[in-house]
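This is the structure I have questions about; it appears just below.
Order as written gives the chain letters A, B and C; numbering starts at 1 within each chain.
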Amino acid sequence: MKNKQIKKLDIYWFIFIIILFAIPLIPQVAGNTFIQHILVLVLLYASMSQAWNIIGGYCGQVSFGHSVFFGIGAYGAGMAVVKFGIAPWPGVLIGALAAMVVAVLISYPCFKLKGHYFAIATFAIVEIFNRLFMVWYWVEGALGLDYPLVEEGWKNFMWYETKIPYYYGALILFVIIFGLVRFIEINRFGFYLQAVREDQETAESTGINSTLVKLMAMGLSAFLAALCGAFFVQYSLRVDPPMVMCLSISMTFVLVTILGGTGTFLGPLLGAMILIPLQEYTRVLWGGLGSGIDLIVFGILIVLIMVRQPKGIMGMINEITKYLKTRKSNLDSESPEKV
Amino acid sequence: MTMFLQVTIDGLLTGMIYALVASGLSLIWGVMDVLNFAHGEFLMVGMYVSYWLGFLMDIDPLISWIASGAFCFIIGILTYKLIIHHCLSGPPLSALLATFGLAMVLKNVALNRFSPNFRILTHTILGGKRIILGDLVLALPQLVAGIFALIIVFIIYFIIKRTRLGWAIQATAMDKESAELMGIKTEWIFALVFGLGGICVGIAGGLLPSYLAVHPEVGGLFSLIAFVAVAMGGFGSIPGALVAALCIGLAESLGGFYIAPVFKYVIVFGLYLVVVMFRPKGLFGW
Amino acid sequence: MALLEVKGISKNFGSLLANNDVSFDVKEGSIVGLIGPNGAGKTTLFNCITGIYKASKGNVKFLGNDITNLPPYRVARLGAVRTFQIVHTLKEMSVFNNIIIGAYLRESNSEKAAKIAEDCLDICFLKEVRNKRAGDLTIGLKKRLELARALATAPKLLMLDECMAGLTSTEVKESVELIKNLKIKGITFLIVEHIMEAIMPIADKIVVLDSGIKIAEDKPEIIIRDKRVIEAYFGQKFSKRLQQKGGAKTNG
């Protein structure tokens, strides 16, 4: 039964991806840079959050430190372009690898900690990295890196006149990360992640090396988060510590996933699809400088979700399907022929 | 040598304020296993109450701390009843994230209503006065605030350890179901504890505006430091929170002076990581 | 060389000596019962053997390998798998998924692992609840699920900790049949039990613990007459009842 379920979902998924590829061809989208911007951000945040989902959702180790990896990825690409004057790609790879190494080294001792202690340790790490990057001379400290003008195109991953190639770049990142997570989910590693989340002692008693599983998940998650960071800097044309290595970016990874549903495949996408347009539109409507109304709305939304439906949108969908199923079986059992 | 003493005393005084803030948080965490992300914002609310009372009605922080404490008590109880109560039956982190949302709301309401300007009370009874002991200069507002904060911490600790209410709170913290079977109204206790957390932070906030500027972002760092103090001190331990908060105040002060101001918080957070590496449940945690 | 050799295991928690120089062997293909009053140190012994606790003294050999200080997952991988006194299931996952996690220990390919899980599902009579959320099962089914999951890891030694507790007498009979069938398939058992009617008929040997010390180790029919065991655990009346029921195996 499981195999049949896999195939159906994957076909829908395939169709969905094709639709996504075709979206920029719609005239309303092709001409409107604001919509393109939103689409790019949705795909980026969905990818980021899916990367976090691997360790935070599936494996249940809720880390608020992912902005560090995001930032390392951003700085990797940024340094390549700004400091060394080359294409960003080598920097992207180095940044991702560095993020992975940092993640494994830091989280190994932290995995000894349970519950809130672990969460607070991740806060501490973000703050430490933030301060360190602010004074690190080699990466220009608080000034950050500002992108010079470079030749447009895929070699430099830079376009100035249009956002559409960025959209396709984000889409490729999205397909890679989501594809990878789907593969994990239906194979052994995904099951091991969930077993560790559910009950570490039980998992160990069935032969699972929980520490190794957590480290692998953290490393992979950090690598992918760094890729997203690299995309981010190429899109924003500058990076400094408060932009990328801050608690609010970390919280965004977490909130998007929670809104959609932690530990679910579609969760990060659903969460991004709701949160990002909301964030951008409220900022345009009410943001204004210093008025903060957009964030008030955002904050209220977070409170409402956590109070009413902490399992997120996927949780709501599951409840609705369960309700419909039980209604159907009730109706069936009430049908006259059964008497 | 006197410089060292001066810096140390300043650090201890700051630490005492941190201790009061952290005690409130420790109480909440110890009793219902919730990390109140909005704790720093409660402090901000207390500070604004005290500031506006001082600015508009000339009431000195030495008196308005009562109003700040009471106001934050009510906010604490409301937060519990409207938000936390519903989160407790859900996944473990829902309360933390809900309070994150609350923090965001409080911060931006303040931003919207009071603008991001830094505000400080200039005409207070203690403001600007100093005690001079030899080469040491002790600013009176900080001194009074610190000592008062310490007294409140001891009062709270006394209530928890020596009164029947305190025992009810401890029982609820250790085993909610058993406590209920003993006839303790745990719902009531939870709300009260959240309120008490609010009082701690409200009183702290009440005293600060005479020397610390109020602004919407002031809560953020206090929240983080409170978390670190509580975790470093250990789950559910007020003495732990006190010791940890004093250490943090010292680390911040000494580190900032002898190493570099920028590294103040690197040292503070680094200290947390070092402590939990050796004692994963904090200094006195259970 | 026995499958499992426990040599002089001692474990203390501060001043409390939970296990005091406990030694015994488990021969391959046999069923060994571990009995004793509550607090005797049976679960502590299990935890020392499987690596959840670090033994204060002594060592444990499994298949000739010293497993004394190995972490739990290594012990499980070698083939010594245990179940828990308070049943541990992966609550949010389905019954089938719980079992396949065990299967994945030996088989990383999903289809092959699924086949192993299907087999274990059948052996343990869990087919009907295949897709149910593990947390929603009754305790009897949860215990069978734990057994199925352990079975899927292709264990050589199954260590069951009070797997009959909380079951109805029908369920107990079914579990005993299951264990007998699995023994025929070649699995060795070390079983902690309080329900004598379940363990006495099937055990080849009984080890008795009391206050951390091994006070007896022998065939069931001898144990039920042993004075020390009667005094420490059974009591005279119960011992007589067991003897009358012929509560020990009639074949050697």
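A few points about this structure:
The criterion applied here is as follows: contacts are C-beta pairs under 8 Å (C-beta built on N, C-alpha and C of every residue); 3 or more make two chains touch, one makes a residue touch a chain.
As the structure is a computational prediction, the values presented were derived from the model and not from experiment.
When every chain is reduced to the mean of its C-alpha atoms, the one closest to the centre of the whole protein set is A. When you average the Cα atoms of each chain and compare centres, the chain farthest from chain C turns out to be B.
Between chain A and chain C the centroid-to-centroid distance comes to 44 Å (mean Cα coordinates, whole Å). Centre-to-centre spacing of chain A and chain B amounts to 33 Å, using the average Cα coordinate of each chain. Centres computed as Cα averages put chain B at a distance of 50 Å from chain C. Of all the residues in chain A, the ones that touch chain B in their complex are 62, 109, 112-117, 119-121, 123-125, 127-128, 131-132, 134-135, 251, 254-255, 258, 262, 290-293, 295-296, 298-303, 306-308, 310-311. Those residues of chain B lying in contact with chain A across their complex are 29, 33, 35, 83, 86-87, 90-98, 100-105, 107-109, 111-112, 115-116, 216, 224, 227-228, 231, 235, 260, 262-263, 265-266, 269-270, 272-273, 276-277, 280-282. Here chain C touches chain A in the complex through residues 50, 52, 71-73, 76-77, 81-82, 84, 88-93, 96-97, 100-102, 104-105, 108, 110-111, 113-114, 131, 149-150, 153, going by the rule given at the top.
Put simply, chain A touches chain C in their complex at residues 1-3, 186-188, 191-192, 194-195, 198-199, 201-210.
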